[in-house]
Amino acid sequence: MSMDLPVAEVRAIVERALAEDIAWGDMTSNTLIPSDSRAVGRVLAKSVGVLAGIEVLVLAFQSVDLSVQVEIRVPDGSPFQEGDVLARVEGPARSLLSAERTALNLVQRMTGIASATASYVEAVQGLPARIVDTRKTAPGLRILDKYAVRMGGGHNHRYNLADGILIKDNHLEMLAALGYSLKDVLERAHAQAPHMIKIEIEVDTLEQCREAVEAGADLILLDNMSVEQMREAVQFIGGRALTEASGGVGLETVRAIAETGVDLISVGKLTHSVQAADISLDFEGTGGNP
Amino acid sequence: MSMDLPVAEVRAIVERALAEDIAWGDMTSNTLIPSDSRAVGRVLAKSVGVLAGIEVLVLAFQSVDLSVQVEIRVPDGSPFQEGDVLARVEGPARSLLSAERTALNLVQRMTGIASATASYVEAVQGLPARIVDTRKTAPGLRILDKYAVRMGGGHNHRYNLADGILIKDNHLEMLAALGYSLKDVLERAHAQAPHMIKIEIEVDTLEQCREAVEAGADLILLDNMSVEQMREAVQFIGGRALTEASGGVGLETVRAIAETGVDLISVGKLTHSVQAADISLDFEGTGGNP
Amino acid sequence: MSMDLPVAEVRAIVERALAEDIAWGDMTSNTLIPSDSRAVGRVLAKSVGVLAGIEVLVLAFQSVDLSVQVEIRVPDGSPFQEGDVLARVEGPARSLLSAERTALNLVQRMTGIASATASYVEAVQGLPARIVDTRKTAPGLRILDKYAVRMGGGHNHRYNLADGILIKDNHLEMLAALGYSLKDVLERAHAQAPHMIKIEIEVDTLEQCREAVEAGADLILLDNMSVEQMREAVQFIGGRALTEASGGVGLETVRAIAETGVDLISVGKLTHSVQAADISLDFEGTGGNP
Amino acid sequence: MSMDLPVAEVRAIVERALAEDIAWGDMTSNTLIPSDSRAVGRVLAKSVGVLAGIEVLVLAFQSVDLSVQVEIRVPDGSPFQEGDVLARVEGPARSLLSAERTALNLVQRMTGIASATASYVEAVQGLPARIVDTRKTAPGLRILDKYAVRMGGGHNHRYNLADGILIKDNHLEMLAALGYSLKDVLERAHAQAPHMIKIEIEVDTLEQCREAVEAGADLILLDNMSVEQMREAVQFIGGRALTEASGGVGLETVRAIAETGVDLISVGKLTHSVQAADISLDFEGTGGNP
Amino acid sequence: MSMDLPVAEVRAIVERALAEDIAWGDMTSNTLIPSDSRAVGRVLAKSVGVLAGIEVLVLAFQSVDLSVQVEIRVPDGSPFQEGDVLARVEGPARSLLSAERTALNLVQRMTGIASATASYVEAVQGLPARIVDTRKTAPGLRILDKYAVRMGGGHNHRYNLADGILIKDNHLEMLAALGYSLKDVLERAHAQAPHMIKIEIEVDTLEQCREAVEAGADLILLDNMSVEQMREAVQFIGGRALTEASGGVGLETVRAIAETGVDLISVGKLTHSVQAADISLDFEGTGGNP
Amino acid sequence: MSMDLPVAEVRAIVERALAEDIAWGDMTSNTLIPSDSRAVGRVLAKSVGVLAGIEVLVLAFQSVDLSVQVEIRVPDGSPFQEGDVLARVEGPARSLLSAERTALNLVQRMTGIASATASYVEAVQGLPARIVDTRKTAPGLRILDKYAVRMGGGHNHRYNLADGILIKDNHLEMLAALGYSLKDVLERAHAQAPHMIKIEIEVDTLEQCREAVEAGADLILLDNMSVEQMREAVQFIGGRALTEASGGVGLETVRAIAETGVDLISVGKLTHSVQAADISLDFEGTGGNP
């Protein structure tokens, strides 16, 4: 797999999905389709978008049957138009039919994520803000979801709770109740955290911004602030820490947010509310343009 | 677990999700929150909906820490209002914080599915049509996705390729090329299929309907037909087989489709394009109404 | 694998079996046989039967060593005679010796099942009754056991508790105690069950038959009835539902049962009391006919 | 688990069996039985035998639902009579119904093995020969199969290829072709084998016996010899090595074999051709004696 | 588990270790020790050290038998003296004996790592340098190895290849061959890397130091430099980036290295060449002081 | 894999190690190294030793990327000198870089064990004593640790608690408290233990030796005896049982112990306190001699 994904993990996801869908056998195909029938199919785009997961689709077909040949016509990360043939598959008809749904479920979700991400990235074009994802991914599919965000031109936030420190208001309130100031908290974080991990802190006010910057936060999360507040915070911080906007970001508001000068805009819905891309597998001679 | 879900399978999903999110430790909580701090949180609805997954949420918290206590306030399958407390969790603060995202990711997706399903079910109220799901589920999460459909008042179509025969146009075209008529196909299916499995066939025309009914199809899938065509087909079939409408069904069209008299309306987007429900975990004393 | 089996599941079974048998190494072969010795073996039938599992045997050898070549001489589902060479294996001697027992254990059990099934199928030849299996399979080996039944000419009953509804007397008595009549029970089943799943009900009397047929049961299980009772029940039902005979069916009684006109005869002992087929691996030059 | 079985391994077997049988849910029970119904069942012997697997049955019920209570009435290794209540189970009706088949499949197979073993053990009563098993077990179930043999009064031969050296005629012929004498082979085995592992060798003739004994074999396998030949071989060996009889041993021949003075008699059919014990789960009030 | 370790991961490691050691049963204990014998044991230090893994030891005993009681006398991270009782275990004798070796293997390795780390930490006492680990851990045991380093007072470097960017000379040479300067490389890293991940670069010369600092490296790795070179580099960098010393660090040289002012000193041998701590399990009445 | 290791088990270890180290991707390589760059590396010995694990290293590279070519220059079990090229790897640069650490961690540990074993074997050269390992291996890595001991010229003791009976003083004291003499204990062991498993017993005194020999122990463990005591015990036993020396064996004492005539000397530190071998991967053109 040439894509930047850990092969073994992806294979495990694909095999679980196939086991879930094929179970003890594709009754329809096994009952009706002769075991020596061969077929050719085209993976066809039914709408515009940005592709992600085409190699995962290959893996799905070849996990069912190593003899299936897949020719990729559009690489991951590329925009495509309605009617584009994204890949061509050829092999035993039963194998193609049995893998079809799983392969499509994977590529449709991933392409849905990439396409939505691309819309946000396009909306902030020309501005320095990165569109980043969150940990609000489908349970068990995080590596695919976050890969799809990258394919759409976005960047990845923390992968998990272990590879970054993000001090949220929940933490701050609990710690305040124990007598710790924001500055205390950041000092403890610096003293104890692994040195390769950056420290981000959520703030509500300019005053908190000041404390956070002076205590050496690497990133400052401006959560649910108005565009006006954000702009003020960004100017105040003045590059001493990275800034991230978060909370209720939509396609209609993202550019205004980016114009405040924030470095990062995190968008939960990229992965928690995915619109599956419309991609189908058409068997040759059964419709669709060649 | 009192819900109609296989415990071991759900546990495996939850544990994979936790492993994915916690990895080698919640650096923020472990670094900052004293190990003996305790906390109380409320699982809070931020919008209306129909709940699904509250026991999966319990499992997520208790998989991290068996000592976490969860009191369920709203059972799965119930409608809730914005501001409703769905459950109350209490336990070691670190455990609650570490499990939070995984627990919410699960219940937000499941409740999103249940709520959407409930909208479709409500739209066809008073008519006999069942709203049913498809195999277009998130890879690895099918048992949760399909359970959520049931909680929303929908019904489940095939679970996988093994527990039902659904002869699609792809199959029919391949078989036609081999010289089999629709009648031949259904005869072979009856002769070879396990007797507990029903046989459904996709048709395009009234003529195919006739052939399918006469050859003893248990269900007839009317795919991408106009409402007018469907009505005609349903009348023609006259109860000799169950009928299913499929293809591009939306909230705005579902009632008209149901009024044709079809028995089943399958809606792919219930599970392939989920809008996550807005549910949060608020720690007591940290906001939200009591 | 061309056989109608889910590859990944079968591979998992084979790998578990190999891990169980080889553990941390075949001490005998590794200690004594030079690592570059090669050998040729013949999988030899020591009695008559119907073959099942020859591709599983291939998988067992090739899971130990991908370089082992296997030439299948008799395909699954075929009858064979004593002395027939079912397959020929060639490869590193250590690999053949290490995989031998696991490969044979698999094919001996599966062929035992297929052969017993074939005897039952032959006993009812000319009559319409299908010989079907049950869920009384060896734990963890159901897909192999049920595949072997098919290879013997039998058909599969439910795969598991999820893909069919079979209302037994235990259910009926519990439900009767709660005030539900047989008719109520079938109505609830129809109202709530997934539409792709058939509903079967166990009956003891003609009166129950009548209720069951009128309430729309798809199948009626005649459990432990005398041949006389069965005949009467079948005539009464008159094709309005499928009929299944069950309970203490043996080779000596199966034809009389089939002559009652039942559609299905389920035989638990096909899989719960398997007589392993006598199949051996003979190395060339070490005995057996060529 | 008080039995001499590795808990984690047994749990894995039970969970795989449950996953296989329950899949995505017990449709019958979930559809019909109220979730708060409770039931009491008796695990009932329908014939005589020797019990094995009663704690595995407990594990099966409790893996489905930890709240199920099981009272064991007969411990593993004990003989039982037709009509004996082996255990009493109590808990949510759905849980009992869902676990029933898996629990019974396990205990029926294990008790079948124990009972057959006990027959062989009884047949050689008063003679020193041990009845031992082979590696001809159901793939994936070896620890249960071999435990059941012990419960029936038998002993275990090698668990796998790693914990003993058994030089068969296949090995000897291959090694003879390479120029090694039987004595060379045993010398190499002694020189290289781990010192905790015993060395057994298969012989055909008295001459081979002599060579094997002199070369220090720990055990000598007398394969497919006549009773007369065996007696002669045992006398010749005279206690210098343990002797094992193998090949086509049946209940009718085992005592004559034991009378030759062999130390061990291995019986493949104990585990490769199991006759499942007739054990059922009767719900109270639904028949059977109290 | 109160320790900062992901429970499910640790449990998986412990269960694999137990499966490896107990396999199909502890033959010695099962054969000789009555199943109802109980015993009390003390986990006893045979030398000085710093403890790590005591809760993993608890998990090992309780994975074999949930009824084993363990009283922890010394918590992880504490120094202990020869003769100290670290914990007291009580339960069925067979369970204690069967779990003993696995429990000790785990705690001996972890305590060996913690104790060695503590020696390094002590050697640099009073200086700001952190002792950090590397990815040179025992395959499959990284979470335990790195936890043990923390218990010894050390800190963790990257957990894996995904949670930090460390540009080594191999990367630089490959990239130089492609025409990229060190500055280009750091620019690309900043442009593409996830924003939560820090960027470290290995340098050989002061000139490289200058380039790296100016290009915004977060950390600078001074690999295999002399103490003199390191001191010069640290002074040159002047706090603009963190500095890490690496390569052939030993107990005798670590203080001199720390005195150069580096922020971090990474020590591969903490985890790749572990000296197991001398800890035993003594059964009461069988020796050792009370 | 031509080595005497169970392929599937080794593959599982390697894949766990890779998952642990690569996690969701090698950020450094994926960010910086072009996906089509290729590289050639040499696995280089930095000190003398005896090699073990070179095929495991191959597996590590090829598990990341099947297209990586590895040419083995030195086979397992061979001595090597500082500067020797042990293997040559060639393939996509990213793949080589991502697999490097895991591959080295494996081969460094295994070669460290083989090299240490070889030192002990050399120290007893000319004497009959075997150097054997113990069960004090790294949890989860036993098959690799014990294989490495063999590659160093050592032999393996018990693999686990199931494949040998070793009655230690803990067992004897517990059993003495229950009224069993040493002779009783050995009699019970012989009566109940599987016949392929040898019985070893730990003794402290000559008197115990006598009892053990007369009761038919296969091996006698002389634990923590002085060299003088051992010599006396060995002479007393006079070949009636194998003898094993154990406890605090070091390179400086091993020859004196061997000269007592013991058959086996077990050395815990071979596997519990491994000194990793110094082996590196040098990319061509990046240093090292050709």
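Letters A, B, C, D, E and F mark the chains as written, and numbering starts fresh at 1 in each.
The criterion applied here is as follows: a residue touches a chain if its C-beta (ideal position, glycine included) is under 8 Å from a C-beta of that chain, and two chains touch if they have at least 3 such contacts.
Here the structure is a predicted model, which means the values were calculated and not measured.
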item	value
Farthest chain (mean CA position) relative to subunit C	E
Contact-richer chain pair (by C-beta pairs counted) among A-C and B-C	B-C
Whole-Å gap between the CA centroids of subunit D and subunit E	44
Distance between chain centroids, defined by C-alpha means - subunit D, subunit F (Å)	33
Subunit B and subunit F, separation of their C-alpha mean positions in angstrom	52
Where subunit E touches two or more other chains at once, by residue number	22-25, 142, 159, 162-164, 194, 197
Contact graph of the chains (line, ring, star, complete, other)	other
Full enumeration of touching chain pairs	A-B, A-C, A-E, A-F, B-C, B-D, B-E, C-D, C-F, D-E, D-F, E-F
Touch list for subunit D against partner subunit E, complex	2, 4-9, 142-143, 146, 159
Residues of subunit A touching subunit E in the complex	130, 132, 155-159, 162-164, 194-198, 200, 219, 242, 263-264
Complex interface listing, subunit F residues touching subunit E	13-14, 16-17, 20-29, 31-34, 37, 39, 93, 97-98, 101-102, 104-106, 108-109, 112, 135-142, 159-171, 173-175, 177-178, 185, 188-189, 192-194, 197, 269, 272-276, 283, 285-286
Of subunit A, residues touching subunit C in the complex	15, 18-19, 22-25, 30, 35, 63-65
